[in-house]
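First chain A sits with chain B, and in the next complex the same chain sits with chain C.
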Partner chain A sequence: MMKKFVMLVCIFVFLGAGSALAATPKKGGTPAAEPKKEAVAKPKKGGTLVYGRGGDSVGLDPAYETDGNSFMICDNIFEALVFYKDESTALEPGLATSWEISSDGLTYTFKLRKGVKFHDGTAFNADAVVFSIGRMMKNRNVKFSGKGWEIPKQERPPEYWVSMGMDDTVDAIEATDEYTVVFKLKKVQAPFIANMGMDFADIISPTAFIKDPKAFVRNPVGTGPFKFVKWVKDDRINLEANKDYWDKAKGPYLDKMVFRVIPENSVRFLELKAGNITMMDFPNPADIEMARKDPKLQIISQQGMNIGYLGFNHKKELWKNLKLRLAVAHAINRKAIVDKIYQGMGEVAKNCIPPTMWGYNKEVPGYDYDVALAKKYLAEAGYPEGKDLPEITLWSMPVARPYNPEGLKVGVAMLGDLGKIGIKARIVSYDWGTYLKRQREQGQDMDLFQLGWTGDNGDPDNFLAVLFDGMESAAVRTQWQNEDFHRLMGEGRTTVDQGKRAEIYKKAQQIMYDECPVLPIAHSIVVSPELKKVRNFKLHPTNSVRMKSVWLQ
Partner chain B sequence: MNENAPAKMGWGHLAARCPLRARNPEERHPIFDQIEKFLKNKTGVAGLIIIVFFTLAAILAPLLTPYDPNENALYEQLKPPVWAEGGAAKNLLGTDDMGRDLLTRMIYGARVSLTLGVVSVGIAFLVGSFLGAIAGYYKGWPDSLIMRIMDIILAFPHILLAIVIVAYLGPGLRNAMMAIGIINIPRFARIVRASVMEEYGKDYVTAARAVGAGNRRIIFNAILPNCLAPIIVQASLGFGAAILDAAGLSFLGLGAQPPMSEWGAMIAQGRQLILRAWWVMTLPGIAILFAVLGFNLFGDGLRDALDPRLRD
Partner chain C sequence: MTGFIVRRILAVIPTLLGVTVVIFLMLAITPGDPAELLLGERATQESLDAMREYLGLKEPLHVQYGLFLKRIVQFDLGETIWTREKVSTEIKERFPATIELAVAAMLISSSFGIILGLISATRQYSWFDYISMVGSLIGVSMPVFWLALVLMLVFSLTLGWFPMSGRLGIDTNLEVITNFYLLDSILTGNGEAFWDALRHLALPAFALSTIPLAIVARMTRSSMLEVFRQDYIKTARAKGLSEFKIVMKHALRNGLIPVVTVVGLQFGILMGGAILTETVFAWPGVGKWLFDGVVKRDYMVIQGGTLLVATTFVLVNLVVDLLYAVINPRISVR
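== the complex of A and B ==
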């Protein structure tokens, strides 16, 4: 028995050494060129694209899902009334060709695209929109233009709809004729039109849904460029081209798509290197350099619409102490973390919204890395040199997310920095599901926590209010209670003029700087390595993976 | 109690019969013959040397290295070992991805591994010997009860059982040590039970009973000291297994938590870097290899020296 173990270790070690030797970087290898702009190249039809990703989808009904891996598939099967542009959250016509907003901001009228069909042959029309969106309402205040459908009862709460408070916003949805839908709102909601481009507002085939409401999450039917074929849980999802897609000028070019689940980042990368998959998400930052050197690979990158931050547990008496929060903020060397753990794929954050977003407050100075100042704050907080301060817990994310590629390493780095000013801390981590659940409970065993966010719709409200306004709801992950901030969030949502809204959000960012409810860490650059033959894949700020116009050389 | 109890009873007789004082080889305690025999076993001695080497490293850790094992220096990350291209004498075995000196972490890792070996084998040794002695001495229902429980524990694949225990107690080195201790209890219990049964009928036990010694005294002062040989062998072999199991648990993220410098955790951390910085994963692997090898060679050597069935 024992000898077998020793043998195993031997084999392990020598394998390690062997592959290490094999992997010694060759000198003079040509650095991989960034993908060339081939504006004139004519897209080629056909081929199968295999996408390697870290986790499986939870379900494929966009109204009910909340995770990126589910939306990644939905993005290709379904479409919404409005589209986000290829590389921004600016809006363009989608299933609606145009829309009008009444002068009081309470009525939205959408004119729909004609001649669009769902994958099952059902015609897309106003009733389908009323059905798709209306099924999320608690109080089904809807009107069909044709004979319509009886909307089945909800199996579970549509999470996005609920957490965005849409029931308090949308009063009624009416189809006034076959291609016109009117949304009546209860109150002015500036981000409403952008929200209609989010995944949860995708339009589904009512006939397919009615046939078996429970099975729809495994059998999605939409209007998008790809049709659902097969889902092998935790292994793969197969899609095929929708030959009758309405926008033939833009795609789809691929015949088939396979989304394979390969949980381990480095294994996924090796699969890509071997050419077994065509592209992948979330490479280890450490592997990016290798991808650049690999002549078979190209790298696409984009400034992500995201924020990774370190939160304080405001439910705990200890962290109501502003000086203590400031001590932590100044003690952590975020530049070193971004340089060496994000491997430079990001920038140190000053605010909790990304700098590419309107309303970003450039004037906020940000917290400098300053050990002396941190020590001073610590003393003023009542814990000179960390005396009398109990050992604190630093919750570190167990998974790679776009805004934080290696939570545990970031945690270790922070631990070292906190130790330098005399704060003793230890790392706590759970599996991702448990982590998110327990974080929401805000127990007394949590002091600091790492989290982050990728924006859904490009609106500052989707960052600041959703993440930090603890007075809005107990579901907000940072339970910070600040009257001024809460008031500004309310104003921001009900003001229509974007210039005025920008001012409001700038003020809110200043308050966040002064009060330090969380320590913003970084806005990361999202990177996707892919085989050289992939053309026209664009990373979207919302992290949606859209294959409509992608083709293979 | 009787001051002149038979010489084999109790522990004090060893010192009285140390080879220096015992001129007459007839009076020498047999353990010194066994030591001599062990010293003739080359692989056993090699194992012992390895163990001494790691033990010294663990004890003298702060003297051997100028660095703190947990001090990050991100801008110094992934420096190769001194013999590789780009290496420098500043970090003899290079640095890991947090810029920590790898040699320092491995030396401190020896501390962690040896401590956990002592603790987990200690738990298994104490509890296992106690249960085994009870079972072997009283026989009957205590024997059936204890040994069936031991059989149940043994029926589990043992790393799986350790994972279950740690999952229940929560991850962390302390709980990992407990788990490894618990899964090793049956091995000790079985060996001790068999030895106790063998010794039970011997004359000195009967003699002890005749002079009025109670059950407790007979078990712990008379019988157990005479069962030591197989227990020691099992302990030294178990030590290596414990280090391996702990490394396995840490590799799975259930043992030592970051930033603790534990070899298994270091391998887990280096796994992602295997293509870019082979040393981060390979060197702690070699440390585990040698430590476990050392204990196994030592254990085998001891068995050859102590096991009466293997005597020439």
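== the complex of A and C ==
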């Protein structure tokens, strides 16, 4: 009782100081309680894991979802032909045990795993693959080996399939026997195999889908380690272990999982502290410090597969001036931005692909923060001390993203840095929809813009070509026209050998450094606090949350 | 009396029609391309076009409005852009949570508010009066968000009396029939779930009740003080009636009329879903849902949700007006 009283007094004193939860503990306290290297313990079966997250899933049909909260559930219910390895985007066999690529790079033959069953008891086979992937095609150029199914009409465009350009890649899908699927491509497309590991390429139960195509999004049936049980909108999703899972050596160990929606970050953290939830996503930076000091909690971190950058409007004559771009690049103190605004949940970027990705070019020096050098470039650009340079606009993101937690604050910091070399700028921001739309229009009222990207499939093409190869399409958000870069992107896509591709992308990063089409700012670091009893949870660079091999002490 | 009721009910129709026009126009003139917002930074021209086509954004405005009205009359509020679920289903899943919370908060605030106000009025300028009025001032000005966190820290994390967030515990099983958890647990005779749901309701209902409670208390006090100065109260006192009888029989009924208005208004507001309270307590109601709809610019959610909130508000006010007539028969004469 006394203890409680003292605690209450403490709480009120603490609140009286006017900072309910934002109170940052003093520096130099106990050392961070990082998870100890696990002694190789035998996984324990059983238990319920409660995952606290910021928002609800939108839907649970992997072909149509676009958001992390939906994929978080899909990752545990469904599986794809290929898997990403733990903590990297290297590939390993999934529902396909092996695959062969023809010498011309146009035919992919997948051998499928036998004896796998969907949660509804139906068999996983080549026809299920043809159905799952084929339903996303615009022209259903598919062939089943058995009697197959009539694939229902699409209700809406399958976002990822479309945005990954799969209709331009896949020509036909054919089940040649019960456990062999052949994909015929229209053109050589090296990232294709990595795409087959993404959520949209998950294999669903055709029987369950056909029964009621509109209801599937709320009653998902896959082959994964967990089965769907119940969904209370905006409240919770319950899953339970799939007792017939094919990969018993790796899990599942948990009996049940509950994904609870707790929108407010600090409340989610309080629930974790109270032990009511087992783990959570997106903690407030101040709470991470508290979590490190809490003996009941441990913290897992992982470099995010993303990039936040500052773009130049290449449609505007002014920004075709390389020296001016370099002046901006050297004027901005990115380290200060990452330290103060990302609060340790990010690292300064040298390249526009994350360092964990294959093909990352370590040799690129990166732009130093150097006011004198920036001034020199500015003078060489024809604007000594910023003279004759009109006031420029700096578009700042109105929303938080992992790669840029506070666009407006980042904008203000940049404004100050630019001011130091004599560039006058002002912040421009719109609501997110307008921002994205107007950014794409590249109007003359836009000079610099903040934007970023979270990778899909762990392939450098998914960053470099999609974001910066302006010659490929007018829809690319950085309309930079560089023939060498464009040629390299084409080569990268049509070369199947990964070693050769890595060299190509390294060259491309060097060109980007020399030409400075954008200024890379930061990659985020994703952090997840959890109770100490959680074992074997690994954050994945793609942000997927995979509970297959997780167990509770 | 009947004429008043009929006229009052008929007046609801143009009000609601006006609501539909406003809701429709509000969205039509809002900047921002919904297709672009929906698809985010990864949108391709092709997928954008497909989405615009899908949303029917190419039709002229009046056609869009006509379609909108037609659907409403058929109780078809469309499908949400975001979740591809019927708006009516989404509302059915969430509105009970909001009603449950609003009713609980209103019960707390009106009962305590009236009692506090009444005592303060009968003991004007006593210490009780001072404390309750200063308390209600604090109640009105306290940010719900902050209050919620304090409540959680004290009553959940430290004392462990109440659950922190959500509507039901992880291990509590409840067969859901109406989505009113309290009602469902009674219908299924599940005492454990009833108790659990009630405990989950405690903190959010209390946090939500503070502002209306304070307003009701102050309103009751001032209105009662006014009534106490009336001649008929003096007469009653002169007759030598007991103070209790004077207050309960003669003063209260007259004093409560403005209080009913306030309670009705507050209830109408709460029924629209308390965004902050619902968000902080992870309470899956319409307030948070509608707010998310606005953030995601989900046309259908905004239209359906605003319509629901506005209709509820209009109906609650209708009931309040009708209650007036019951409490004070003179009103019907006007």
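Simple rule for what comes next: the second predicted complex is superposed on the first by the 411 of 553 C-alpha atoms of A that agree within 3 Å, B and C clash if a C-alpha of one lies under 4 Å from a C-alpha of the other, contacts with A are read in each partner's own complex, and residues count from 1 in each chain.
As a working rule, a contact is a pair of C-beta atoms (placed from the backbone, for glycine too) under 8 Å apart; a residue touches a chain by one contact, two chains touch by 3 or more.
This one's a predicted model, so the numbers in the text were calculated from it and none came from an experiment.
For A:217, select first, second, both or neither according to whether it touches chain B, chain C, the two together, or no partner.
second
Kindly classify A:156 by the partners it touches after superposition: chain B alone (first), chain C alone (second), both, or neither?
second
Based on the superposed arrangement, let me know which partner A:48 touches: chain B (first), chain C (second), both, or neither?
It touches chain C, and chain B stays clear.
Between chain B (first) and chain C (second), which, if any, makes contact with A:387: first, second, both or neither?
A:387: touches no partner chain.
One more residue to check, A:186. First (chain B), second (chain C), both or neither?
Touch status of A:186: no partner.
Who does A:266 touch here: chain B (first), chain C (second), both, or neither?
The answer is both, since A:266 touches chain B and chain C.
With the two complexes superposed on chain A, say which partner A:500 touches: chain B (first), chain C (second), both, or neither.
neither
Have a look and say if chain B or chain C is in touch with more residues of chain A.
Residues of chain A touched, chain B against chain C: more for C.
Going by the contact rule set out at the top, does A:232 touch chain B (first), chain C (second), both, or neither?
So A:232 only meets chain C here.
Taking the two structures together, which residues of chain A meet both chain B and chain C?
Residues 20-21, 266, which sit in both footprints.
Mind listing the chain B positions that touch chain A in their complex?
For chain B paired with chain A, touching residues are 70-72, 74-75, 77, 97-99, 237, 240-241, 244, 253, 257-259, 271-276, 278-279, 281-282, 285-286, 288-289, 292-293, 296.
Sort out for me which residues of chain A touch chain B in the complex.
1-3, 5-6, 9-10, 12-13, 16-17, 19-21, 23, 265-266, 284, 286-287, 289-290, 333, 336-337, 339-341, 408-409, 411-413, 415-417, 419, 426-427, 429
Of all residues in chain C, which touch chain A in the complex?
On the chain C side, the touching residues are 31-34, 36-37, 39-47, 50-51, 54, 82-85, 90, 93-94, 146, 148-150, 152-154, 156-159, 163-167, 170-171, 176, 279-282, 284, 288-289, 292, 297.
Considering the complex alone, what residue numbers of chain A touch chain C?
4, 7-8, 11, 15, 20-21, 48, 50, 55, 58-59, 64, 66, 155-157, 159, 162-163, 165, 214, 217-218, 232-236, 258, 260-264, 266-267, 270-271, 273-274, 276, 430-434, 436-437, 440, 451-453, 474-475, 477
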